[in-house]
Amino acid sequence: MENVLAVLNLGDLAQAFSKMGMFPVFDLAYYIVSILYLKNEPGSVEVSRRSPVASWLCAMLYCFGSYILADIMLGSSPVDYFQYNSHILLASAVWYLIFYCPLNLFYKCVAFLPVKLVLVALKEVVRTRKIAVGVHHAHHAYHHGYFIMVIVGYVKGSGVALISNFEQLLRGVWRPETNEVLNMSFPTKASLYGAILFTLQEAHWLPVSKSTLILVFTLFMATTKVVMTARHSHGSPFSLIESWTCHLLFGSSLGGGEEDNHHPPAGAAPSPVKTKEELSEGARKRKAKKAE
Amino acid sequence: MENVLAVLNLGDLAQAFSKMGMFPVFDLAYYIVSILYLKNEPGSVEVSRRSPVASWLCAMLYCFGSYILADIMLGSSPVDYFQYNSHILLASAVWYLIFYCPLNLFYKCVAFLPVKLVLVALKEVVRTRKIAVGVHHAHHAYHHGYFIMVIVGYVKGSGVALISNFEQLLRGVWRPETNEVLNMSFPTKASLYGAILFTLQEAHWLPVSKSTLILVFTLFMATTKVVMTARHSHGSPFSLIESWTCHLLFGSSLGGGEEDNHHPPAGAAPSPVKTKEELSEGARKRKAKKAE
Amino acid sequence: MENVLAVLNLGDLAQAFSKMGMFPVFDLAYYIVSILYLKNEPGSVEVSRRSPVASWLCAMLYCFGSYILADIMLGSSPVDYFQYNSHILLASAVWYLIFYCPLNLFYKCVAFLPVKLVLVALKEVVRTRKIAVGVHHAHHAYHHGYFIMVIVGYVKGSGVALISNFEQLLRGVWRPETNEVLNMSFPTKASLYGAILFTLQEAHWLPVSKSTLILVFTLFMATTKVVMTARHSHGSPFSLIESWTCHLLFGSSLGGGEEDNHHPPAGAAPSPVKTKEELSEGARKRKAKKAE
């Protein structure tokens, strides 16, 4: 594979791509898309009115959850990343614009589908880089700790999703019946597979250079996520292979059962196309439920 | 301001005050008031009968929650403070006397209003000192990590309040619909503002010496808390400024909405004047609910 | 006591016993019994079909929860133990065999009472050793931190039980009304008492060598646990002493009240003799409840 890429002169491209800085353009896209998803969560607009501090904390978890989790996993300070004031200020500005911009202008701009598709693609570039850096970081700390590499890469890629139960708790919402490990969404699953691939690469069991792997995995993630966002789909490109593997290895029933996991009950999944009206509708319903 | 204080010879006073040791008098007051609040929580007397270990753990969280949280934030061992055996033993003795003293004598003494007012004032002295030390500590670890300084000062001032959901869980109580970030009480809010002030001072953006700031902030906190305790009030002196700031910055509705946050629903807030009879009444009601 | 043992030539035996390696035989028994308990938890078989990743994570918590908790307590990386690939692979193999072995053969073999009694005895050997190592470890980090030694020994002995609420959450189950500190089971209680004994020994307040203490405590734990497993009993040999101590120290009512804690409501305690049919029965009931 390396040879083919060399012929196509893609090796240099991959090298340059893997050296490219993420701040501020790519990180900005990451913050925007993440906080966009936060605003789409039912009740989060209400929280932003009642307690700006809680809303800001949730936004920080959405933007920096992967750093917080990886720092915890490696025994560092969970707020270590908050020393980068410019990153925090940039994310805070995005949070302010998305939640409090007059006429909801900023939200409408970035949620406009063509803009959003570009941002989503840029976000996946950051995600892949985070997984690669996470695995490398863990490899540095535990030279033969392959499980640790996979775990750190996984949490670096999944970020807030893995602690969504506790992020929701901060907003006064508690849904113990599900979590991101029981019902993995596509990005969480892809992060796990990516972490395994990058660990295999780091252990020299995969005959591919790291920069090539970053390029290929980024292209796969960006394409899949853009297509899924454009088609409002929650299906996963892995489902066919997974359903057969799970059937063979874990005796899961073929087809139906596995499919169900990809379609969590309505309301549980953050549907990225809800309008503000639908959201306040949802908030009203939740209030009514509480009142009962 | 520094000059004015110098003329009034307050500079030396502030200096001496900021050097004053907290152990054992002030710390003792802190432990007493904290465990007093714990005993006022519905169901905690019942827990102290059923599982002394759980009750002791809760008491330790109430007394040392701020150290535990700050140690976690800075990546140290969460039980680091438990190496100070004399502090732990003192707090344990207070816990034993408040919960198990024959005839409830100790509780009645320290809950007697004039005594309690003095203890509450002393507790605020400790709180302010904790915020200042926390910010200084974080400044030492992250020289330009202004956000980290604010966070560490905040958790040092708020202590167990920020993890009250999990402290309640230890006692078998679970109230996911609210938390101390969503509905900040006065001490939590004041800790946040204090942490911001001390961070500004540490960054030399506030033209005030640290000892002066400690003195002024302590006086403010002690006065306010004593007045609030004496009047059984949960209102906050910040509410007018906050309501206008939130209106301008975050588009919150003026008046009503903000006020509501200061008055959490009955039963959620630890009302410090409940008698033992009222408490067992509450426990009985909770049991009845469970039985349904 | 030391002299008596010397005469009986037990000192050498104790010395040899305390030097004996735990990997792989004893650790294997530990993994098997732990994951056996996990499979007996209602709903865990269902989870293993729906999400193998969640099931594997739970199994790892059951096998390595004590290391994770102790590492957190001492401020290390919580996944530190995952660097020992052979231990993780062995536990993963046990998890796979117990949950996915055709015809449920492996489960039936290890759950066969005579086999299980041997495994349970071996598991208690590991538990005692963990407590001793945990206390020693904490003593190394905090030379006079007696409370820290007890805490670390306690979490090393109790393991996943102390975080059972969060382990259940991973499987989509949430029972906030109880936890292992409120309703201590026998192993948790024994771990606490063991941690206190080993701390007293480490502080030279107990006139006994560490190897003797390990031998005696192992014999006590293994005998008690084997008898309890054979008789399907949840009663505790401490209950008489405890009920009197609690009465004198904490004013608990004698008899009834204390007894109740040892018999948590049906369904809350992991009953180790449920057949697979009973389990799916339980799962069906839970589903029915949810549907209501």
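For reference, chains read A, B and C in written order, and residue numbers begin at 1 within each chain.
One rule holds for everything that comes next: a residue touches a chain if its C-beta (ideal position, glycine included) is under 8 Å from a C-beta of that chain, and two chains touch if they have at least 3 such contacts.
By chain, with names taken from UniProt: A, B, C = Trimeric intracellular cation channel type A.
Since this is a predicted model, take the numbers as computed values, not measurements.
Peer 1: How would the chain A/chain B interface be labelled, same or different, where same requires over half of its residue numbers to be shared?
Peer 2: Interface between chain A and chain B is built from largely different residues.
Peer 1: For the two copies chain A and chain C, what is the rotation angle that overlays their Cα atoms, in steps of 5 degrees?
Peer 2: Angle of rotation between the two copies: 120 degrees.
Peer 1: Could you work out how far the Cα centre of chain A sits from that of chain B, in whole Å?
Peer 2: Spacing between the chain centres: roughly 36 Å.
Peer 1: I need the residues of chain C touching at least two other chains; which ones are they?
Peer 2: Where chain C meets two or more other chains at a single residue, that happens at 75.
Peer 1: Can you tell me which positions in chain B touch chain A when the two form their complex?
Peer 2: 72-75, 141-142, 144-148, 151-152, 165, 176-179, 181-184, 192, 246, 249-253, 257, 261
Peer 1: Help me check something: in the complex, which residues belonging to chain C touch chain A?
Peer 2: Listed in rising order, the residues of chain C that touch chain A are 47-54, 57, 71, 75-80, 82-83, 85, 88, 99-100, 169-174, 290.
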